[in-house]
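Below you'll find the structure, written out as C-alpha cells, and then a few comments.
Labels run A, B, C and D following the written order; every chain starts at residue 1.
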C-alpha cells in the first residue's frame, strides 16, 4: 500500500468549510460537522440554523456570559449573532422541510451508491431509539452533504451498495467528505472529485464497498494542519 | 374579569386525570415546565401518556415522572442523551411504551391538532421504518406518508412572561415546542417566570395569545438560576 | 293576526349580547352581529377576535386617532384594547378552525331545521363569488349563533327545511336570534325558547317553513328600546 | 456580506416572468405591497396568476394589475367589496378566471407549500360547493376534504421594518397573510417602510427570519400617509 495520510476530523471539517459561499444558511449536524464553523472564511457571512429554534447561532459563550436559555439542538450553551432570530419548532421545521436552508452538513454511519443515508440508529434493540430532526433535515434540503470517516474503526466501508443500518432517507446525499476523498453523488454513481495525496483511485476503490467513478479532473485533497 | 393566574402548582394541575395525554414543552430542559412536572410527581395521577420531545435528563424533569411510575407511554422524538439513564433503563426492562417520531413530524402533528386539521402528508420518513404501517399517497409523482393530528388532554408549557389574560412571551431558545403545544390541548397550563400587568406586553410581541391558555402559574424559583450552574459547569468542562 | 312588535336589528343584537358570559372570546360577523358589542354588560370582559389577525379588538377610533394599519375583517378602522395581540392569518384561522373561540355570532340568509347555514352567497351567477372566512368560522366553533330577521323582505321564511342557497356548512348552528323569537337547534329540532310579546307559537309556525317545537318553559322575548 | 436590499421597485421585481404565480400579501390594502404592484403594472410581464386574499379595491393595488390586463387568473377568498368594480366587471364579462377558496384553507394551503407538506385534510367546505371535485377521506368517523399546497413562483409581501439579512417585522393588522406567503415562493420580495441596521431588530420580535426573504425594497412613500386619508374619510362618514 502506498504512503498516504488520511485527514483528521478537523481537516475533514476544514475541507467542507471551503465549499460554503457567502450568505449561505447552513445547519451543522452533530459529530464532525460541528467543527465546520471554525474553518469558514471569516470574510464571508454564513448563517447557522439550529433546529431547536434559532437562526444566527454564534460560537460558544465566553466564561461569565453563559446563558441557560440560549442552547443549540445538542443542548449545549451557545450565543446569537447580530441579525439572529428565535422562533418556534413549527417554523424551524418549516425552514428545514420546506427547503429554506442552503446546505445541511451531517455525520453518517453509512451512505449508499444512490445517496441513501443511515445516520440515526445502528439498529441495536437495547438502545432507546432516537431520531430527533435527522430525517427532517435531509428530506427538505436540496444540498445534503455528509462528513465521515471513510471506513469504520474495524475497517469496514461506510460507502456501500445498500445501507444495512436503519435508513434516515433515500437518495438525498449530494456530496461526501471523508478522510480520504471528496465524492459527489451523481445520477451515474459516486464520482471521486478529490483524493488525499499518495492514495490511488484503485486503492480507494479497494477500501470502498460501493462502486466509485474517477472524475477526469480529480484533484488532490489537501488540508492545512489543525 | 378574566384572571387565569393560579396561586400554586397544585392548583395549576387540578383536573388532570390518570390516563390523560399530556403535552410537555421544552427542548430538553430548556423551556420545560419543571415545577408543574414536580406537581404531577407529587399527585396521585398515574398511567399518563407523555408527549414531549425528550424523556428527561438525569433525575430531573420528566425523569422524575418516570421514576415515580406515573408514565405508561412516551411519544417523543429524541429520548436518548448522555444522562437519560432513567428512560434507558425503563426501555431496556420493557417497563415503558415508546413511540419515536421525527421531530418535524412530531410538532406538525401537534400543530394539526391545534389547527383543527384531519392530518397531513409529508415526505419525511418515506422509505424508512417510520413509514411502517402508515398510509402512503402519491402526490405529483412523489410518495408521501399520511400523519394524523396529535392532541393532548392537557398541555404543560413554559413561558417567560404572562398577563392575566394568559398572553405569553418566551425567552430565547426556550420557546421551541411551547407555542404550538399551547394550541393543541383541552386544558393548557403555563408556568412562567413573571406575571405582568395587562397591557404591559406589546401586542406585536405576544407569541401565544391568551385565547389558547387556561391557567398561568408563576414559578416559585426561576429555573434559570437552578440549571444555569449545571449547564455552565458542563460547558466549561467541555470548552476549557 | 294578534298584536305584536318585532325587535329591530339593534334589539336582536341586544338580546344576543345578554348570553355572553364574562371572559368569552367571540367573533362577530358582518350585519346585525356588529351591533352586539354595544350591548355587552360593561362589567364583564369579552375578547373580540377579528380574523384578519387581532384579538382584543376595541371600538371605532375617536376622531384624530384613526390608524390605517388597525383594521377589522370588514376593512373598517378599529382600535385595540389592553391585552390585545396581533398575529398572522395562519394563527388566526388556527384559532377559528381549531375550536379556540367560545362563540361565533353570524348573520345568515337561511338556516335549516338541522342547523345547516347559508350565509355567503345567494347563488347569483353574475355576482363575483366571495366566501372569505365564513366557512372556517362556523366549522371550527362549537357554539355558532345566528342573528337574522325571521323572514325576508318579501315575507319568505329564512328558517327552512332545507337551505336553497349555497351552503356555508352543515349542522353547525346552535342558536338563532330573530326579531320574533329565540330558537335552539337541538337533536330533536328547532326549539322555541322565547317569543316576542303578543305572538303565539301557532302564528310563529305560520311564518316559518321549518318545523318548530315549543319549549315547555318558553319565555317572552323582550328588549329595551334602542 | 449579505445584503438583500435593492434600490428600486423595478430592480426588486427583476426575474418575474409572464405566466408566473404571484402571491400578494395584504388583507385588502392593509399590508399589500403597493409599490411592487405598481412596478409590475409598469412592466411588460403578463398572463399572471395572482394568489391574494382580495382582488383590488377601487382603482388601487391589484385592481391596477387587472386594468392593465396583466392577470389571467385570480386565486383568492374574498374578491368582492363595495369598490371592487374592476374585478366585478372582468368577472361578469368572463375576461378573468376566478378560483375562490375559504380564507383559512387559502392560507393553510400556502403554509403547506412553505412547510414542504404534500397537502392536508380539513372539515371546512364539507357538504358545500367548495368540496366539488375534491377527494374526501373519512378520519375518525368524520368527512374531510383533501387540500393541496399552493405555492408561488414569486411572493410580493409588505412589512414594516427590515434589515439587510431580510429579517422582517410587521405593523398591527398589516401582518395578515405576509409572514406565511414569505415561506411559500421561490422568489420572495418584501416592500418595507424602513430599513434598519443589522442587530436593531430584537431577535424575539422578528416575525419573518431573513432566510425566507430574497429582496428588500424600501418604499418611496409610506402608504400609511396615502391611504390614511381615504380610510379616515370613509370611517368618519360612517361614524358621524
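Definition applied: a contact is a pair of C-beta atoms (placed from the backbone, for glycine too) under 8 Å apart; a residue touches a chain by one contact, two chains touch by 3 or more.
None of these values were measured; they are calculated from a predicted model.
Visitor: Sort out for me whether B-C or A-B is joined by the greater number of C-beta contact pairs.
Guide: A-B
Visitor: Using Cα averages as centroids, what's the distance between chain A and chain B in whole Å?
Guide: 29
Visitor: Quick one: report the Å distance separating chain A from chain D, using the average Cα coordinate of each chain.
Guide: 37
Visitor: Centroid of chain B to centroid of chain D, CA atoms only: how many Å?
Guide: 33
Visitor: Provide the list of chain C residues touching at least two other chains, using ranges where the numbers run on.
Guide: Expected reply: 54, 80, 86-87, 90, 93, 96-97, 139-140.
Visitor: If you look at chain D, which of its residues touch at least two other chains?
Guide: Within chain D, residues 108, 111, 115-117, 122-123, 170-172, 203-204 contact more than one other chain.
Visitor: Think of each chain as a node with edges to the chains it touches; is that a line, ring, star, complete or other?
Guide: other
Visitor: Which pairs of chains touch each other?
Guide: Final set of chain pairs in contact is A-B, A-D, B-C, B-D, C-D.
Visitor: Could you pull out which chain B residues touch chain A in their complex?
Guide: Within the complex, chain B contacts chain A at residues 27-30, 53, 55, 57, 77-81, 84, 87-88, 91-92, 98, 100-105, 107-108, 111, 122-130, 170-180, 207, 223-224, 227-228, 231-232, 235-236, 238-239.
Visitor: Which residues, counting only chain C, touch chain B once they are in their complex?
Guide: Residues 22-23, 25, 44-45, 47, 49, 54-56, 80, 82-87, 90-91, 93-101, 139-140.
Visitor: Mind pulling up the chain A residues that touch chain B in the complex?
Guide: 50-54, 60-61, 63, 66-73, 75-77, 80, 86-90, 93, 96-97, 116, 126-136, 139-140, 166-170
Visitor: Would you tell me which residues of chain D are touching chain A in their complex?
Guide: 1-2, 111, 113-117, 163-165, 167, 183-184, 198-199, 201, 203-204, 206, 209-212
Visitor: Within the complex, which stretch of chain B touches chain D?
Guide: Spelled out, the residues of chain B in touch with chain D are 108, 112, 115-123, 137, 139-140, 142, 144, 148, 169-172, 202-205.
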